[in-house]
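Okay, so chain A shows up in both of these, paired with chain B first and chain C after.
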Partner chain A sequence: MRRGSSAELLSALVLLLPLLAVPWAFKPYTANVLAVYMIYGLLAMSLGLIWGAAGIMSFGQTAFFGIGAYAYGAIGLNLINRTQQTHAALLGGLAAAALLAAIVGYFMFYGRISDVYASIITMALTLVLFAFAVSTGGDEWVIGVARLGGFNGMFGQGESSQNIANFQIPPVTLWLPGMTEPFAFKINRESAAGYYLVLGVSVAVYVLTRALVRSRLGRVAVAIRENEARVASLGYDTRFYKFALFTIPVRPRLRGEHGGLRPAGWTREPPRRLRRRRHHRAPHELSRRGRSLRHHSPRRRTLDHLPDGGRPAHRARGAAARPGRGPGGRRPRAQGRGHAAALPGPRPSPPLGVVAALARCPRLFRPPGRLPAG
Partner chain B sequence: MSEPILEVSGLTKQFGGLRAVHLDLTIDAGELRCLIGPNGAGKSTFFRILSGGMRPDAGTVRFRGRDITGWDAFRVARLGMSIKFQVASVLEELSVFENLHVAAEFRFGNRGGRRRAAEMLEVIGLTERADHPATWLSHGEKQWLEVGMASVGEPTLVLLDEPTAGMTVEEVKKTVRLLRRLNETATVIVVEHDMNFIRMIARRVTVMHQGEVFAEGSMEEIERNEGVRDIYLGKGAHYAVRR
Partner chain C sequence: MSLDTAVIMVLEILNSITILVLLALGLALIFGMMRIVNLAQGEFFTVGAFTVLASTRYAHLPLWVGMLLAPLVVAGLGIAIERAIIRRLYGRPLDVMLATWGVSLLLIGLITVTFGAVTQGIPFALGNFSVGRYQYPEYRIVMTTVAAGLMLSVYLLFRYTAFGRRARATIANPDMASAAGINTPRMFMLTFGLGAGLAGAAGAIMAPIVGVVPTMGVLYIARAFITVVVGGPIVLLGTLSSASALGLIEALISHFPLFTIATAGHCTPPPCEISIGGSAFFGQIALLIFAILLLRLLPQGISGFWRPRP
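For the complex of A and B:
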């Protein structure tokens, strides 16, 4: 394992411990809110992958997120009475988000649409979906028993808006053979299982994302970000790699699943998620946690950044109260990647991500090494 | 001399009213061909068409016996043609080693790619700079890195567009050694302006003027050719190509 990564894994573990303790130390509401933050952290991680690593600024991630959530809600509401399980809903959410991303991605990248226009297309996608979603308030907008609910979002079954109080979008359930009844992951006074589910998935996605960035797919995607023409001249079909990097973070299609987890804790699933504000928020959040996926390089010691999962979404809140998180050097932003710099708002978190910043702390106490001439 | 590895016939590219390229050219396997000509002669455009970055308006290109006209860049590369661009285009934020690794990985996979990258690092003489971001390299070193990236995949034909641009005399000498070594395993076409460099490595030279082949021969023949001197000095009006 390379030198930097063990320090970063260690710091990631250090950050994980307080998160594990949250349900014990705080009331369920806090755990609930944190779980939501972690889900948005997943969204930001997906953006970190596709924008930070691949260099494609996609405004569409929240659209995929929302589609996955709606699909989960629709399938879950319709099937829960019959099967008492949410497997189909989870898979449906994943599939819906992945399918949408695959279709949009295929036409964009195999059509050789250049990066700026691709970004605009993804933004248009989001706006169109949002406009559609908020127009679905009437009683006639139902999928089975699931009302789309317009601006208020999907929040239950019922033939008319008068009859919605008696049902909620089902939380994720697990029913293994041998259990008498399915186990529901909720966050309330009795159980914090939902929180741990979200935490667990966040950690898993973090680990997988790290692995992806280190894999050949990740390396080539970063190379494409640097100089696409050069990479094509080396034999790589850059259309495919861009397409793959676009569709896979819809694999934080686990984001779709989380779209499922999100309503799981709550009764409503607002299409606000599809809104542009979330889009601007997502890159903003990403800029707070640092464009941490930009450097995948396993050998670079000085410019290491890695994703740090959902934690900074939480840390972003806490960082204002706890300043001095870590040095986190600021990299000069190359032209074209200054989008984050253009977004308004304070940046309480270190730009390279909390995990990387924390991992670098020991270096403060070591005498500076000889920098190579250059 | 052996069979031709590259046959260009009737290749035409027009930019509005300007006919940038209109040529017939044949390169034999194992050659080290130098392509010279004044600015605007169409050399870089020709390279771009060859390597797949640009579609020609007419004509054909046959590489290793296959018609590759209009092919995408990555398909041409997979067939064994690699190119070093005129503008230094390395992967700036990756390290030197990683640049070579990405280049080698396509053909050799992860481990094999690492091995090839390490070997090429020695050949181009940048072993001490292996972990530095490519953006820290000097201009000449970037050129070498790019030549390394173009050669690490064991290509059959290498196109080098001005490999010594901006180099010092010492660096040019090192580049000559590099190219001679490269030529042992690949056919090389070099576009260059530096006459000293050309003299050091050239065997056959092709002179382009206004998109067409103006003269072809050994370096001595070309140097003796008054027409070549004239087109370089701007007296090319005498030799304007009839459309």
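For the complex of A and C:
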């Protein structure tokens, strides 16, 4: 394990060096084009985490991406002239995306909606948010000074409309204690600062995501992907793990951050970003980036903390022959094959819901000793 | 509320339910019964609408001929896609999802290249009838009738004919059906084709009342899926009941403004406020939220409540 890990670290460093040199070797413009692709790479990493590790195909990533960007834009436009920096906007972008994911994730995973249904709900969420963003073109759609702007995207409507800077979403700007003046990570023809920011965030997010997949949370997530019924019967609350991975730890941060980074280079915030079509890039990007998130989760090690070595139920059926298998390699879980089905585990029964529970009440009050008719 | 307003409101609710039934009927077969997550369903709908457009505008056929042609064209397309792609992917739900997504993008591209990315309208001849102070288009009544007819015939087809029995047997247990002498690949193909044809019919019927544009499918596919998901395991009746519940919510929120939020924009005329409710868009949002809440309470969908799965 150690050797594999250091080899991976080495190859990551070798890949990183040419990326560091890009702004010198080419024009800053080239670097900034690359930065946009790296931001999509972040989007793909978030999909790699939720789809690759936890096995939940989420069409909602672009929705969170867009929400992060809109929140960054709205907060940034309102505060940049007062505070000269965008710290609050960055955090707000993260928080907004995480909040949306928490709400949707709660309803999906605590409702025990099956995976396919979860995909569909996230898809519907993305489409509805896109429709919402497009329909906000009117003058009344304003957050402070930030106009939502409908199909054309977000812009500011400053009181003194002469100052053109009022109209653009500000680039990521830091003004930390000890700095004499704020520093803006502009993405333009002269400066590659924005590129380095994106690169740095990509590296940081990659490291964090790797750490997350290797953590207890990540390993349980992979186990759930492999066989949810089995993990549940071992006493893990699978709902919580799915929910947590969907929401809290790193993923919203990914989403928020690239959402937040993107406007740095773009003057406007087109809702096209929310659109379903953008999605087809994320899976491709994922395969282009070598499925790095999936490769290093060999099932043996992953399941080691489970009793009896956690031998996967599907092993005999060729699953083990394909380590790091593609997204389609997942079979519907709890299929009744392998010994997962044989385990008489105390699988919690799905919630019936208020209505059904109420409908059951008369049965509870039936006098004992009388058999129901028929 | 005066009587004529109430009648119009009832008609509007009926119209919402009609549209959801039309959208969801084909998907109820493909997704509800066959469990194929067909993301190209919206494009089947689009192709149906464009068949009507092409046959009326370019081939100068009467409107009803185009509307009869559309399901056949789309069923053919669906069968071709099933033979070429989906047949190889049964039992691999996520791969089907990605493959049909690719088909969806391809179809949007092909239609855009052929017809252009502009929104086109299809003129139709029916007029309005009056309810008290209001006028209401007769065509919507025709739509409701056709939707009810389609729903009923699909139900009768699957309930009482030999084809329906074979199709249900194939879907319930392909191996056993095959052992009993049913040509299961053919049944899968025909069921998928039927589902596609129903989507084509829906597109054709709705073509005169919506703008016909290559990306129109995207507007409807989410609602179609949501309706089938909320419907639950008893596919046709579940779809009908979820379409009724969701259509009611959608129509009510679409027509009654709930409250307004004042904003700091520079509007002309001055009162700058966002009205929550009272537009078709908020109807759709309410539909989605209601569907998510309903699935939290009834994870198996509405019909799962009638007959809980073991």
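Please note the rule applied: the second predicted complex is superposed on the first by the 270 of 374 C-alpha atoms of A that agree within 3 Å, B and C clash if a C-alpha of one lies under 4 Å from a C-alpha of the other, contacts with A are read in each partner's own complex, and residues count from 1 in each chain.
Keep this in mind: a contact is a pair of C-beta atoms (placed from the backbone, for glycine too) under 8 Å apart; a residue touches a chain by one contact, two chains touch by 3 or more.
All figures in this text were calculated on a predicted structure; none of them were measured in a lab.
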item	value
Which partner, chain B or chain C, touches more chain A residues	C
First (chain B), second (chain C), both or neither touched by A:78	neither
Which of chain B and chain C A:209 touches, first, second, both or neither	neither
Partner chain(s) touched by A:122 [first = chain B, second = chain C, both, neither]	neither
Partner chain(s) touched by A:219 [first = chain B, second = chain C, both, neither]	first
First, second, both or neither for A:237, with chain B first and chain C second	first
Contact footprint of chain A on chain C as seen in their complex	35, 37, 39, 89, 91-95, 97-98, 101-102, 105, 218-219, 221-223, 225-226, 229, 263-268, 272-274, 281, 284-285, 288, 291-293, 295-300, 305, 308
Chain B residues within the chain A interface of the complex	51-53, 72-74, 77-78, 82-83, 85, 89-95, 97-98, 101-103, 105-107, 110, 129, 131-133, 136-137, 149, 153
Chain B-facing residues of chain A, complex	216, 219-220, 222-223, 226-227, 229-238, 294-295, 297, 299-301, 303, 334, 372, 374
Sites on chain A touched by chain C in the complex	57, 104, 107-108, 110-113, 115-117, 119-121, 123-125, 127-128, 131-132, 135, 138-145, 147, 157, 276-277, 280, 283, 327-328, 330-332, 350-356
